[in-house]
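Across the two complexes that follow, chain A remains constant while its partner is chain B and subsequently chain C.
Take a look at the complex of A and B:
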């Protein structure tokens, strides 16, 4: 090989870049985030009524869009009433409605957001609930 | 045919995953086996191609330049366009790799009133630059799926890319840029007759493939949600060599992953190898110092030389008799 010194250095840099995710992770334990939905407020509810505003599957993928729609509805139209797919009504409010049950931001919201490195800007304006120190 | 064949090839690939995952339940094949195989083909293929290029001799010193060569001290040298040392070559290569300097010089030639005229043609350069840079940013951004504690620099890139704060999940600027740029690069090939004439199936296939990857990614992020935490679990399993298939990820993700696997596996066999080739172009990576340093052709075989001294030794007597001057008596 001609100019093998330079070419091999280049190839080593290439390999180091491409395999970065591998040597950065091998041997590390990667635990999936476990959400806690056992807050006192949820415990108080009877078993059948422990349901979020929409189905679990919908909320998992679409909670951010739902919250965004709520914000637009409240801020732009002054409408605070949300009727879900089961014709039940809810008060459109992150702090007073969502966080009433999910009062454990650290063990609920932050778990997945930190895992996925997502930084939602909810709390730029809203006040995060105070959590009791364990 | 040149356009339709690659188009339907990508469609068939998509349908293949759809059938494999939705009907036959082959998540492990499409989620683990094929990505690993594709990465192996990519790595070994690229190494093989580069080593093969490195083993090819460069018989001539052939930098192409477009500036004043190093000459007399009172003639100003263009040190970047016509480098005479390593530093100049590094700057020249950096401009080439990072901002496509030579494509920036692209001209269009037209006949106007029977005369040949040259005009600026920057669209290809602009679209190429937009495409490559957004692809790079998207690639780097995806590292958030491959690290438990995402490095701050990746978070920074991600937050800059989404700083418009449009919609949720936040809209990425590069998503729009790459779609527009690839679409332009495709239409350019079918719209301009000369380009259409020289375009082959191997030019269209990567375009459709990358378009497919970008579209499936955009659909997944903004429209048809997949189980994103499951996606990261799968990705982390792959890179920590403990592959697992989380439940309920959604077929769209497997389509995205399979098209990327195809791109990786196809890479070393295709024009996409310009990733490595750009660094190994002798017209770019040589310093224009052919008047200072002799470039030895590696092909040169030892030539039997008969010097004048030897010649004179052989024929001295005869030369003297004929009255010819000799150097040694």
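Take a look at the complex of A and C:
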């Protein structure tokens, strides 16, 4: 092989650069995003009503599916009332229902979405509530 | 390998069972949807087979009367003002008789009708051309006759704008959230209860589906009822007892470009008075 010295050194430098993010982060714990669910609106609610439309576990994993179903139901079928598994009814609206309680988009939506590097286009059209300071 | 008929049938039967059973087990495992949840229309929702509107131009006395309806609609639905007629976003807008009803005008027409501004909006056609051309089904006809626009699906191809013979659709050539040359927001005052649109989607009047769902009439009708009663009448075209049907069956009404066969659901009462004969001749 011609110029084997240069090539091998080049390869080693290349590999070192490419794998840098991996070995640089080995053993480091990445801080998990802590969502804030203590907005003034939620604090105003009586204790037993401080429940989301579905269980916390379901919402954590399936809120995107739920919102998708809500959107299809509202926009395409014109059905705007959601009855949850506990037979409570809700007005299906991201802007007017979800954000009525979760009025902290930055500490609720964005925190996790940024951590996961997902960019949903909700807020291109839907108007986020004004951020309040606690 | 040899296999007699009996063995073949046995093997085929078992594999069918495994296949069918496996699919149902797989579906069960995958299905994490909520069993008891359901979607309904809500108790106050207004229903119809085909929503329609009658616009009685004689009830609009001054330009302010219809301007009030336009402003109310546009501020409720966060319609931006791009300060440029070419890029204008319009849900409900004024137009001259000649432009609203081309081919109907003539040179001996009375001045009032000729110069009057007619209030135009999406006709929510029974046979809408825009719905036929939409490649993503972003625009579609609801079962209550409203031609609806699903902003989540619109890809901004503007086929619907080319197809609509009434110019009822507008394209967001700029982001409606932006600011004009003077630094003023394009949407003067955002209504926090209604979304805006984004750059590159087509929008139009929706007959206020969000209001119909909670038992309210469209915003323009509500406003016109306050100041020019009876100018805008809203109701079910399929119901013979509805107010719109009563007007349509008793008065002479015209529609925009009926010859195109889209069956518009917006009817116009033109006359300055209720007589077919000029009163002075009686």
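One rule holds for everything that comes next: the second predicted complex is superposed on the first by the 113 of 134 C-alpha atoms of A that agree within 3 Å, B and C clash if a C-alpha of one lies under 4 Å from a C-alpha of the other, contacts with A are read in each partner's own complex, and residues count from 1 in each chain.
Keep this in mind: a residue touches a chain if its C-beta (ideal position, glycine included) is under 8 Å from a C-beta of that chain, and two chains touch if they have at least 3 such contacts.
A quick note: this is a predicted structure, and the numbers were derived from the prediction, not measured.
Asker: Is A:62 in contact with chain B, with chain C, with both, or with neither (first, second, both, neither)?
Answerer: both
Asker: Is A:4 touching anything from chain B or chain C once the two structures are fitted on A? First, second, both or neither.
Answerer: So A:4 only meets chain B here.
Asker: What is the contact status of A:32 with respect to chain B (first) and chain C (second): first, second, both, or neither?
Answerer: First partner only, chain B.
Asker: Considering only the touch criterion stated at the top, classify A:117 as touching first (chain B), second (chain C), both, or neither.
Answerer: The first partner, chain B, only.
Asker: With both complexes superposed on chain A, which partner does A:127 reach: first (chain B), second (chain C), both or neither?
Answerer: Only chain C; A:127 stays clear of chain B.
Asker: Taking the contacts chain A makes with chain B in one complex and with chain C in the other, which residues are shared?
Answerer: Dual-contact residues (chain A): 62, 121.
Asker: Contact residues on chain B for chain A in the complex?
Answerer: My answer: residues 42-43, 46-47, 50-51, 54-58, 143-144, 146-148, 150, 154-155, 158-159, 165, 167-169, 225-229, 232-233, 236-237, 239-241, 246, 276, 279-280, 298.
Asker: Contact residues on chain A for chain C in the complex?
Answerer: It is residues 54, 58, 62, 69-71, 73, 75-87, 91-92, 95-96, 121, 124-127, 129 of chain A that touch chain C.
Asker: Chain B touches which residues of chain A in the complex?
Answerer: 1-4, 7, 10-11, 14-15, 18-22, 24-28, 30, 32-33, 60-62, 64-65, 67-68, 112, 115-121
Asker: Show me the residue ranges of chain C that touch chain A in the complex, using the header's touch definition.
Answerer: Those in contact with chain A are residues 32, 34-42, 45, 78, 140, 142-144, 148, 150-152, 190, 192-198, 209, 213-214.
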